[in-house]
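In what follows, subunit A forms one complex with subunit B and a second complex with subunit C.
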Partner chain A sequence: MGTNNNKTNAAKRGIFTSAGATQKIVVILVIVALAVFFSVMSKPFRQYATLVSIFDYSYYISFMAIGVTFALITGGVDLSIGTGMITCGLVGGYVIAHKAMPVGVGILVALVIGLLFGLINAMTVAVMELPPFIATLCSMMLARGIGSILTGALSVTWPPAGSEQGWVRSFFKYKTEGGLLIPVGFLLVIIAVIVMSLILNHTRPGRYIIAIGSNKEATRLSGIKVRKYQGLAYLICGLFTGIAGIAYSCTFQAVAPGSGAGLELDAIAGAIIGGTSMNGGYGTITGTLLGVYVMSLLKTGLPYIGLQSNWQQIVTGIILIIAVLVDVLKNTKGK
Partner chain B sequence: MGEVILTMKGIDKTFPGVHALDHVDFELKKGEVHALMGENGAGKSTLMKVLTGIYKKDSGSIIYEGKEVEFGNPREAQSAGIVIVHQELNMMNHLTVAQNIFIGREIMSGKLINDAQMNRKAKELFDLLNIEIDPTEKMGNLTVGKQQMCEIAKAISHEAKVIVFDEPTAALTESEIEELFKIIRDLRAKDMGIIYISHRMDEIKLITDRVTVMRDGAYVTTLISESCTKDDIVHAMVGRVIYEEPKVKSNVPKDAPVVLKVEHLKAGRLVNDVSFELKKGEILGFAGLMGAGRTETARAIFGADTKESGDIYVNGELVEIKSPQDAVKSGIGYLSEDRKRYGLAVQKTVAENSTLAALERYMKGLFIDKRKENEVTQQYIDSLKTKTPSTDQLVVNLSGGNQQKVVVSKWLVRNCDILIFDEPTRGIDVGAKSEIYHLMNELAKEGKSIIMISSEMPEILRMSDRIVIMCEGKKTGEMLIEEASQESIMHAATLRD
Partner chain C sequence: MKKKLLSYILCAALVGVLFAGCGKKEESATEETTETTETTTEETTETTTDTEVLNIEIVSKGFQHQYWQAVLKGAQQKAEELGVKINFVGPNSESDIADQVQMLNSAINAKPAAIALAALDTSACLDAITTAQAAGIPIIGFDSGVPDAPEGAVLANASTDNYAAGELAAEEGYKAGIGDRVKNATGTVRIGVLSQDATSESIINRGLGFIDKMAELVTADGKTVTVEGNDKFVSDSKVEKTSGADVVIEVLVPAQVTSELSSIDCQTLLNKSDLIAVYGSNQHSGEAMVTGDENLGKFGIGDDKILGIAFDSGAVIKQAVKDQKFIGAITQAPVAMGEVTVELCVKAAKGEAVSDVDTGCQWYTSETMDNPEIAQNLYD
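Up next, the complex of A and B:
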């Protein structure tokens, strides 16, 4: 009788549980399918350098996506992370390259700038209660302008690998003595995923962020400081924007002012593909990571089949629509 | 029953324009289930909101466990041991049962939440209540009944001494109700004080020890459930003196043609096999308590909600109504109880609102014929005696009664012969009320047919030629005005089968 009951219970477990696990499996299958597809379509794709390149793309998208997952779970969104990330990289690089600061200071500056944008978003969204979409669209404009002004609209290059100040790059790509590049940044991402999963699922702030996204009013009535935790989600998002800025600067040659717009969509798409709900209340960091690999695979693979950046944007747009559609269908099914 | 745990004495509360609570007394003993009854707007919920600190009382005193208390918010009441199990459940669907129960006071080990411990504690609570719920299940996957059990478990985990149930059975199935009653009896046996708000007469005898009846914001009486009859309670609920003259006789000739016939209409839980007829020139009152399904019935007829089954005949012809557009084409107009949300574009002018449903008739080529629009608007301003300085006045600047008239003119411009008034005088002051009544009578006299949904007993008795009474989605009574009384209507409105 007891086992029977459990079985029916398990069968009844509706959209609030099973969908998450199913979606992850589907995403893994998509990743495999994409990898097979590109390998079949293009011979040059089948080489070690491609793998390194996939990881290169995955770093900055991962960090942005981990951050924005928190904003999405509260039922909001952060559109400023793309340009914000570039601004963090720019200003951090600027103090290194033009103010002769050690690279450690540059990293610190990038993180502080990220946190500042997070703070602005926390103020506008959680305290002033502006709609997240508009509020973060505005801070996106702020970020772009500030980045260009502070650096005099010049591109900035972080110290190259192998140089004295270039050690930070080897946290992402480690060059062995044999000259082989190992994408060790993967380890940093995994650490971030573990830590943030722990925070999201096993600490009070994480619990309250999910609760706010699930039912803000009920959370408030439970005596929880809703503004504080909603704001915290944006602060976390800001911090990870800073980390993403460092990752971006360390994996690519130069950071150009005024760029970065649109990159936030890669991260948001990653999170949503990974099962985070646009309506808030549900999301996992591991799911987000899987979604990110779909995006970085596409970014790496599409050029191999002759689809350059303009096409990539179209593909990103379509993927985002599909991911959001799946999310919407998931939610209507439950009603 | 034990000693008195809670006494509310002379509680008075006034909102702008409404004397919501008029020196109300209420007493609750330990180990007692005490029902609080009354019509919509009798003040039951307001009294409970004063008790739990959502509203501040103007005067009176609350004595709880021998001390005078005044809670600033529900949290304070909760920590003192007074909790409400709300009708609308406040749950976070994406969190588990245990996470919901312990929200805001998680069991921690160090910096991390100890979910295992919380699950164990929740299990203990459920064992205590003899209910079987998996604490690790997501709240959103539970039935409403189970969710309510979780609310109760949460209340008990707060070491509640007084639990208020606000219409707990409204959304429950038969077997869930039985389970709930078992739990309530258990709680009573554990010496808790339970306040039980319900409209369901049959539950009162089944589960409660005493009944306090309120009417129009005032205390009426307290009865012993065992020894009183349903009639006693109904009489106490409706025993007001009606100042307005009730209609004595129907104005509709017996052989008047049927303009609207609804057969076996079904749409969701609150519209369950509803059939009725509406005659030409008739005002058909729809009476019932909150949640009886009257608005839902109207919305299903009007095509605002999809119906599952049932036939609608207009002037003897079967019509297919799938959307409000179809309904309007068949000559049915719906005046929502929430005018500002569903009835009017308040930031637009009287003229724009009046012609909104029939704009195609006021076009000159591609453009709106302002002259013709103003003409027809003025015509209805005159005939309905709408008080507005001009046809260009923004509707938002008009009084409630005049806004209602603009909605009426919108449907009249559209040539609707069947008008559904949903709570036609809600939010309208007393003077304007009689004007709306006069208007409805005039419309009926001119041969328009009216369905009037109203929660106000005097309004039903004053306006209707015939009355349909609903309870929980079913038609539970129909009577001509000549046979109707407050008591007979209230009987039908609390009928459950």
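Up next, the complex of A and C:
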């Protein structure tokens, strides 16, 4: 019985990875096509500064997306990451700017707050078994309120680049002595992608998380502590919310309380475009990253061809529908 | 079961912490106000002997914001000077409309000599306003006041004339370099306006004031001008749409108020080769200008640079003005607003005639920003 199960699982995995690989190739082609299209249509797009901007605006979405992929794979979702990210940035920045703490402490605080939200979600979703949609919607409201209260509804600025405390910004964008800006944050994203891919695909907890998403009951019956691993997915998501909060605060000048709602959708969209299944049970971190770059390219590129941000939202909506449709078709084919 | 219990305990702890946090804040707020009240009462007993001490309730939009701290400071100064007692309150954030209504009701119940109000939502306050009218308590509006209040309900307003503030930005910007560039230009030049939204009255007026004044100045120099971009601004400005104009004023409004979209809007402007200046009409837009320029480095004062004009302050904008990245910015005068508000309240309480007062705004540059007159109105 055991061996039989393993075999079918392996066979399934084979089908999925090949389907996943096709989707990834399609997404890569879309990225290339978009880049070529924007470059042909707009001269200013063909400059180094644009590339740096695309990277700038992709970091925080990338980190959120990596985290939320885990929640999506369990068959759930985490809607609190957008406001949660802002809260992490706010509180982290608050202790630096208003409590005169070193930046290191601010980073730590941001990560802890992220983990805390992860813990709350893990408790409500995995232990109390609330529907993830509602549970994380609630923690989203918690996040927004807590961020405003802790900072006294004031917007917070992390130390600017070039200042003594501003070293953390150069982890994302490094300015050489010649004044050249290097988007080194991309390396951080790549490292995160490699590490999290390994954890998802080659460790026991990772495989369990996938198993929960494909069939929670069967996973439970085979003796796996479902609650523990489902909770772990949300913890990971929380940790990455904290990292995203740091990335966001280092990219933008100020973090404003009460903002952040809606940003989670960019990350979720990235994951889905990258092939993560809305029904759970399947997803890859590399796919997610590719999906995020489709989103960032659109966001940065469309204004260059004269389309205002209203259009970008329409285009994103259409692309998402297509991505979800592909997911649905893939599943019905499997049946 | 054990885990369930644990999770319940955790949740309870979280809620507990929340309550503790809220409680503390309120405590400190009341402490602060009682402190001020105490000092003012002491002063009054010394200075006024024959008149009764007037009580004034001030209901602001949000007590915690730095801007409001400056308003409070002005109000306290004036209260001390005039020997009246003030109670300054405000909700936790600018979206807590119900809280503010409750505060307004408590203020009315305190039977003050006058109430100053900066309503978050006029329609939510209507009942309370009628009650105050029936009780014969005069209401003075401040900051954004009480827009669309019933006729005669609000006796006077102490507020920034946002349209005039926008005009000042255009005038000073024109003097500081835009004018020379417009006059010396051989082809079309472009002036960008970044607006956070096209719905808030104060933001719209700041934009329109800038556009109309800029158009007036450009036309006075014998050049033609047109407005492009956001429909609201194009149709509401006084500028006639002309093709092939010498100066194009382009207004960009993001689909959603996020730092990212506003920064990208700024980049879009900066990448246009005919751009000479950008005006960001509030703190959000000003900060987006800094982010948007980060990779391009186009703002500055040199001949090959683009002129940046911001609004309000905050650490980022102050720094950008100080570094001469921006040629200057407009700041409102919250301290003066606090003073005028109390003054109007006292007059109204005594039955004297009152009328609207523009509390003014100031243009500040790297040179003038340390001037105490201006520095008191700048906040981090």
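By definition in this document, the second predicted complex is superposed on the first by the 320 of 335 C-alpha atoms of A that agree within 3 Å, B and C clash if a C-alpha of one lies under 4 Å from a C-alpha of the other, contacts with A are read in each partner's own complex, and residues count from 1 in each chain.
What we mean here is this: a residue touches a chain if its C-beta (ideal position, glycine included) is under 8 Å from a C-beta of that chain, and two chains touch if they have at least 3 such contacts.
Keep in mind it's a predicted model, so treat the numbers as computed, not measured.
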{"item": "Partner chain in contact with A:T300 - subunit B first, subunit C second, else both or neither", "value": "second"}
{"item": "Touching partner for A:S155 - first (subunit B), second (subunit C), both, neither", "value": "second"}
{"item": "First, second, both or neither for A:M101, with subunit B first and subunit C second", "value": "neither"}
{"item": "First (subunit B), second (subunit C), both or neither touched by A:R204", "value": "first"}
{"item": "Touched partner set for A:V30, first subunit B, second subunit C, both or neither", "value": "neither"}
{"item": "First (subunit B), second (subunit C), both or neither touched by A:L137", "value": "neither"}
{"item": "Partner chain in contact with A:G281 - subunit B first, subunit C second, else both or neither", "value": "first"}
{"item": "Broader residue contact with subunit A after superposition on the shared chain, subunit B or subunit C", "value": "C"}
{"item": "First, second, both or neither for A:A218, with subunit B first and subunit C second", "value": "first"}
{"item": "Footprint of subunit A on subunit B - complex, ascending", "value": "74-75, 90-95, 99, 103-104, 106, 108, 111-113, 115, 132, 134, 137-141"}
{"item": "Of subunit A, residues touching subunit B in the complex", "value": "5, 9, 12-17, 198, 202-204, 207, 210-211, 213-215, 217-219, 221-224, 281-282, 334"}
{"item": "Parts of subunit C lying in touch with subunit A, wherever the complex brings them together", "value": "3-4, 7, 10-11, 14, 18, 21-22, 25, 62, 64-66, 92-95, 252, 254-261, 263-265, 267-268, 271-272, 283-284, 287-288, 290-291, 294-297, 314-316, 319"}
{"item": "Subunit A residues within the subunit C interface of the complex", "value": "44, 49, 52-53, 56-57, 97, 119-120, 123-124, 127-128, 142, 145-146, 148-150, 152-155, 157, 160-161, 173, 179, 181, 227, 251-254, 256-259, 262-263, 299-300, 303-304, 308-310, 312-313"}
